[in-house]
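Here the chain labels run A, B and C in written order, and each chain numbers its own residues starting at 1.
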Amino acid sequence: MVALELQDVRRHFGGVKAVDGVSFQVPAGKVTGLIGPNGSGKSTLVNLIAGVLGLTSGEVRLHGEAISTETADAVARRGVARTFQNIRLLPEASVLDNVMIGFYRLERSSLLASLLGLPSSRRETRELRERGRALLARFDMSAYEHVPAGGLAYGFQRRVEMMRAVASNPAVLLLDEPVAGMNDVEASALGGIFARLAEDGMAVLVIEHNTRFVAELCEEVHVLDSGRLIANDTPQEVMRDPAVVAAYLGT
Amino acid sequence: MIDFLKANQPVFDFFLLTLGFAYSQQIVLRCGVFSLASAAFAALGAYCCAILVVNLGLPPLMAIPLGAVLGGAAGYLVSVPLARLRGVYQAIATLALVEVVVAITLYAEPLTGGAVGFNNIPKHVGTVEIALAVAVVIYLLHALSISRIGRGFDALRQDEYVAASLGVSSRGQHTLAFIVSGLIGGLFGGLQSMYAYSVEPHQYGFSFMVTTLAAIILGGRRSLLGPVIGSAVVILLPEISRPLAEYRMVVVGVVMVLVVLYTPQGLGDTFLSWLSHRRASKQAPPPAKPLAADARTTKSKGDTYGRA
Amino acid sequence: MLAQQILNGLISGAIYALFALGFNLIFGVQKVLNLAHGAIFMSGAFIAYYAVEGGLPFWLALLIAMVVCGIASVLIDRFGFQKLRKYSQMDAEFGALVISIGIGQILTSMAQKLSQTKVLSFPFDTFPVEFFRGLGMRISLLQITIAAMVVVLVVFLALFLQRTTFGRQVRAVAINPRASALLGINARSVFMLTFFIAGAMAALAGVMIGLSFNSIQFMMGEPYMLKAFVVVVLGGLGNLGGAVAASLLLGVGQALCAAYLPPGLSDILIFTTLFVVLIFKPNGLFGGALAPAGVGRQ
């Protein structure tokens, strides 16, 4: 089943064609990779899908419905989660608080219940706290529950960001350079998590520089260069594609 | 002892009123909106109440809530144009708004009494009523803080883009914050007019803005304890340093500078985060374990992928 | 008559420019709203007053006031704003605001004590009172002097920022402090200079106002702070040319309102205009630093 579909997506900044007619699909239940040299438009593409940037033309569809003009928060509420290239945690908040905000789009308490502190609102908060703690346990972060997120080591911050992104069981997970700066062991472990998430039904799109990581993890890889897709195939085929090699060497 | 309390009651009352205004100021800052409009909401509430009670003979029990509602409506109206601004620009826009309100209250003499102010308002409100109002506001704000709205506000304040990526609508939440700020500001403006016998335009001008903002920054932008401490500092400090006679405001200024330099997050917030740091360090984290490769997130009951 | 109003308006606009330029300069370079600026303005007037009372010639008193206020401004930065640099951006922003409020409070209270809350005025013979007539209008020597001073200062400032190396450094720091540091620009000295210039100009404005209206009192800075906000926004935050243009517009606008409209209406108009401009053109009428937008799709 196709979760996310891009159709002829373009984004121009004045004369610069950052994304120039990109079309591909991100199916549910699989990990899809998107690679490309620096400046190829990967980040722009993520921002176009996530609702941060507007499309010059083209469509982005989620489960068949167009989301091309929806704001970032609306896109998120539909079940598209993303991580950021530079980790953006809420620095003042504790690890648990950071994870709990990941549940935001699931919360059902009405305005009135929240304002008046009605039992339904309190109960939901309690339940979410428990779910947050469970998530922390699965990621081996229980000990850091009360630690302010800003003070954690880089690897741990990545974990918190991951927990936050998957907390609400999104349909689509956009990972923007998730293993940057990690060693092979750490990256491999994280990759295992992505694979499990896909097995559970999520549509995972990994935008990465680390081509080996992508090759080990993804079933299908798309290659972006200067705003256009120049290849899409299995990782093995893509790595052998002369156009891809040229694009990477040329930078 | 009773004499001491009786003698200082006006100061305490003023402290409570300032606390109310401080909460009105804080709720918008809490969600990342740099609005100084509380002064305008207070002015609207105060004059509305005075006019309704004195000119139209409404009972205060009706007039005060109406003042609050007027403040809330103004908050909603203000939120619309201010949605496109951020940071300092919001601050200046709301400052302009406050000055417009001051100028209008000066100008609309037949209605408001002009520069002389609205005088001879019978006193309907005392310490008990104000304290009650403060207690109610604290309860409501506390409930808000621990709810999803409070979480959304905190996220918006710290990083608007991250909050958006998690589904928090800045437009909606900012509007909510403005409305709540307006309701609280209007409420305490109304209470003040029913307490202080008179209202005058400059009461809710630049000085008011400066005082409430200082109370929040000194006490803390995040916690509910913050405004309590901040208001206490701003109101009580001049009283305590009264023996220093004409230099007491100099002392206030010096204390403000020192507090900010050493506790930039505010006395209240700094204290509370010190407490939670102690709690966190007591559970000293064990050495780092590599991430278990099959850590899953399993679906919880009731969740579905996609639209939740 | 209309021409006379416009002329008077231009002169008061020139004074607004003096005040607002310094304020805008600090904001442009340091991104700080220095709410103590009004107190510095007032202090300049006070210092000059006491100097003249002490027997010094007016020009010397003026110079002393400008230098002292320039230094005071630098000290405020050095011991106030700079100390906040190590904190997070939001804490530093709010902290700077409160520090400037606190310092403004200190200065105002000291002035209040010193003057015993009385309104002071310069001795009558401080500045020659002479009028010139021409083209159906009347202008005083003081007004000519003010206009001349402001023109000279603005031209100097413009040349300084555009043509000199140090001026370029100031502009670089305003645009991107971190990159400038990497390029070896000493941000510290840039800050010192901008604060000095701002303080000196505010003092000059204060003295001129004190002379023009024949009154000096400890609260005289407050209305100017508000006008400075108007000017700075209309002209564009950080846009100095825009600030000058907006100041003149404001001065003329106010004079016309005072002449032709019932009293009290002018403030309503001015601040409503400010509000409206902010909503539709937050970059100011003449374009300035980009106002950060919300999170709609960019």
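By our rule, a contact is a pair of C-beta atoms (placed from the backbone, for glycine too) under 8 Å apart; a residue touches a chain by one contact, two chains touch by 3 or more.
No experiment lies behind these values; they were computed from the predicted model shown.
Provide the labels of all chains in contact with subunit A and in contact with subunit C.
Per touch definition, common to subunit A and subunit C: B.
Which pairing of chains gives the most C-beta pairs in contact?
The chain pair sharing the largest number of C-beta contacts is A-B.
So which chain is the furthest away from subunit A, centre to centre on CA atoms?
Measuring from the centre of subunit A, the most distant chain centre belongs to C.
When you take the mean of every protein CA atom shown, which chain's own CA mean is nearest to it?
Closest to the centre of all protein C-alpha atoms: chain B.
Taking each chain's centre as its mean C-alpha position, how far apart are subunit A and subunit C in Å?
48
From the mean C-alpha coordinate of subunit A to that of subunit B, what's the distance rounded to whole Å?
A distance of 37 Å separates the two centres.
In angstrom, rounded to a whole number, how far apart do the mean CA points of subunit B and subunit C lie?
Centre-to-centre distance between subunit B and subunit C: 30 Å.
Which subunit A residues sit where two or more other chains touch them?
51-52, 71-73, 91
Pull out every residue in subunit C that's touching 2 or more other chains.
In subunit C, the residues touching two or more other chains are 295.
Residues of subunit B that contact two or more other chains, please.
161, 164, 170
In their complex, what parts of subunit A are in touch with subunit C?
By the definition above, subunit A touches subunit C via 51-54, 69, 71-73, 91.
Okay, in this complex, where on subunit C does subunit A touch?
88, 295-298
Provide the residue numbers of subunit B that touch subunit A in the complex, in ascending order.
Checking each residue of subunit B against subunit A gives 139-140, 142-144, 146-152, 154-155, 158-159, 161-170, 176, 222, 273, 276-277, 279-280, 283-286, 288-300, 303-308.
Once bound in the complex, which stretches of subunit A touch subunit B?
Per the stated touch rule, the residues are 3, 28, 50-52, 62-63, 71-74, 76-79, 81-82, 84, 88-94, 97, 100-102, 104-107, 109, 111, 113-117, 121-122, 124-125, 131, 135, 138-140, 143-148, 153, 155-156, 159, 164, 166-171, 185-186, 188-190, 192-193, 196-197, 200-202.
In their shared complex, at which residues does subunit C touch subunit B?
33, 35, 80, 83-84, 87, 91-95, 97-99, 101-106, 108-110, 112-113, 222, 225-226, 229-230, 232-233, 237, 262, 264-265, 267-268, 271-272, 274-275, 278-279, 282, 291-295
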